[in-house]
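Going by the order they are written in, the chains are A, B, C and D; count residues from 1 in each one.
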């Protein structure tokens, strides 16, 4: 290496090398469509949601203990970009009738599919102009939602949840800011916990990152530890119902390869039709070493929505 | 009766008589506070949410069958007054990176605590300037939510649900537009189904009214069959976790007594601290005669919110 | 013509012929850029706004009579597509201080650049991915406005306004639903009024269409009479500061050529950099035969906005 | 004074003394109603808007120079409390038709009557439950605006504007943070400028405070120099069309008397029916010593609105 090349120039050079040598490329449409769930399929991994899946999860409820996995929704949450969650209180009736009834409500404004603890449906992401199962973006994006693949079609999810505690594996409260979780990390964490992933499970990854929630929002959204391409592809092979984590994008952000933008979003949502669950609140679950549980999740049935803010629970 | 008194004048006279003779009056603060859950209590009927309640519900899961009890959220739902639910699709990234990633989200605007299938928290209603457990309105209502009693404190609810099918009892698909459900109706419906209510249950009333949902919205919100004061007081004595129905206000609307305004909202939310669950989608549950089930409900944790739109499920 | 070809099939055939023979095509980038106002110009026709233009307009103020040319903004206006204008009243303080002050405000939600009487700035429209003066869309469209060409840069406009009363020329209150206004119509209307257009004028076209405003909103937005391609190109040659009309798109909608979509929007905003002023309230002006006046218009300075709802006036 | 009383306790004591001795009290309803403009009047000082007022202003247009008195509307403006102004860009059509038309618009959310450079209409403020001219609050406040006194009824205003440069009088760029402007200040500033106020004028006060706009927003909204009760009462006697200033409340904020809350808002809007114009951008006007000019202002015609963000101009 020419010792005079350094700093930004070096970074560009390395990035260029990196990109030409190794950048992840999305598969061609013909390679990914039709999806393994069939040519007309819009449900992807939610096809795992069957009576036997529910029963399998219900059998894990032994003590009735409930863990709340959703953060409180407020204007002081960390937000990505210009997203908002604003509550405007309205007093709409005051002292009405002989019973002196008063009424209050609120108008709420926000990117409701993509704030707080959030569930990603498939219209959230594309490869070029193409959605999951090669539904074309242009035909489906209307001014007020997506004609196909909208979150209203997902329905409630109840399945066996498995916490994969990578922070505990590494002996830290919180993984470093740009730590890429590898397939080995996931496998070792599962071994340590004496768990295995089964098809249809919810794979929930604990990074410890949510310790920053409303404590250091700027750091929370700037980068985050998370799964890389290799870990995502290994997880996709395990055939889960969803992959969740306690960070804002599940995946490592930004990707160590500067040429690609949030590739795990494409791998999961577009290529494999696997839902994501972001900004989870996992501290109590990890502290209790509750590695296996019934996960219950009720996405709002937003017509044509790209996702939904949610308040999931783990029960054991 | 003086035959010359007729039309509006007669109506006023009758209303006055009715009001003076029989109008329901909210109890004085000293009669209702502190609530039976204690002087500082903010949880009311959600105090029933305990591990044994969850286990009791989980034991009802025998087949893994899930019923979706929430309507799809869209701009074409019936709305009360000027409420809205608007979805504005946003394409926020297009063909970013060498992986050609596109991203979509939506800005949503609406009275999110009070649209669609919805869960009422206690700040929704007052008696004069006083909330549940006599928390004062003025001290708690801020520009962006309520300092106390907000829906973020409720948490997920999982309990035994009991469908009380009053429409089936009466042998109709849908109760008449202004039918007042009585305590006898509720008791006979339960007997017919061989069910009894237990403390902490979710009492879910089927009127058939949701057949009008998105079919005849104007009629849906103009009036509705529902429980009257006597039925509400009987239900409150059964000590439920919540009372739900497939209409927009659970209670008969408008009240047959023209002097009072939505008194059941006060009886449940303010006087007794019992949550309401409105605009439920109960057709499939009733058709399947699924009278007993695990009800699971995850209100959004809207900080200081008066309620939350929800997507509850029944599992059996 | 083959008599067996009819209905939709015929329409397709004609449309195809029409399109191949005559469809208006936007000029290539090299033909329209740089604009006549210079390579870096963002102001287009607003460059006419100079002290002498203001003085020329001020000299037309002889009686002090003011005509309000803006409609009232309300939820009952005609809207294009899913656009909204919602006002949510908020009582934010009540009886504060020894002076018992109460305060009210409102949260408003709407496509504020594109509702009501509205002024179009240049980012509103593109040819492919290119804006006025060939500023690229992708570089300028951010999540919260446009980096260049935003309506905040336009400033107040005050110029000589000329009403071109085409409805009066044709002897009708309102032009037919799909009437295309031609260059001859404009020229004859001006002759009839003994007016000529001068560079920098506001050319305001009276079609009578606003008689439907809040009277028959569905008809108002379904189609409208307005200028066609030939009239637009003639008007552009007159070098106006803006072109306004009392319909929702200034131009005939939909275009008689089914192959093209709102071409006058491109001709004015993208090709020539001439602002549009839509949904004007012109009835009083036309009734008073006020053909020449000072037009004053104050677009909101919405950072990066594609336009602004406005309340313009004519003064004479 | 007992030397052992200090800090908060002293403040309370002084406040109590101050309040009992001197606090401004709003006049009783019988003293202020009907207003001088008549019992049914809803226009207040806008009654000054007559043809001769317009002509008087037009005669001041001598050079055609226009001063923009409105700030740019953006999310980075200073906001009072939880107010917002959010722009969400929407790409609504892309490459439509053979003319490859693209379309952009934006959904905007904000307290539009009360953000940016803003014009206060009369429903903005009350004395107890009573509005200007004793219109009752409860009868007029609907969920979506005010039945009477709404800003839609004001119309465009054009009148002689007089800049009263108090900062220049005091020889400073900006008055101190809590400086109370007195009647003497106003009179001396007018004398210095050789101007007098006439009935129907717009009295525009330069404090220099807008130098902080988007530079130090926290300081801008924390307090501000402005007119006190005495100056407000003197100004009201001059019978202006409106009173404006380059700060967020025209009046000194908070009031030096801790017992009262924004009393000048009541004196102007409720007692005297005089409009306010806040957050003006006056730096250029003051630098040019443009003390007399035509002020033109076009409030948005928001049905039932408490005010309107505006983009006023001065012309001379």
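What to note about this one:
By our rule, a residue touches a chain if its C-beta (ideal position, glycine included) is under 8 Å from a C-beta of that chain, and two chains touch if they have at least 3 such contacts.
All values reported here derive from a predicted model rather than from experimental measurement.
Touch-path distance (fewest steps) from chain A to chain C is 1. Chain centres computed from CA atoms place A at the largest separation from chain D.
Between the Cα centres of chain A and chain B there is a gap of 31 Å. A separation of 47 Å divides the Cα centre of chain A from that of chain D. Residue positions 75, 81-82, 84, 86, 88-92, 107, 109, 143-144 of chain A each touch two or more of the other chains.
Viewed as a network of touching protein chains, the structure reduces to a complete graph with every chain in contact with every other.
Listed in rising order, the residues of chain C touching chain D in the complex are 19, 23-26, 49-55, 58, 61, 63-66, 68, 70-75, 81, 83-84, 86-93, 95-114, 116, 123-129, 137, 141-146, 152, 155-156, 158, 259-263, 265-266, 296-307, 309-313, 315.
Touching chain D in their complex are the following residues of chain B: 81-82, 88-91, 107, 109, 143-144. The touching residues of chain A, counted against chain D in their complex, run 75, 82, 84, 86, 88, 90, 92, 94, 109, 138, 143.
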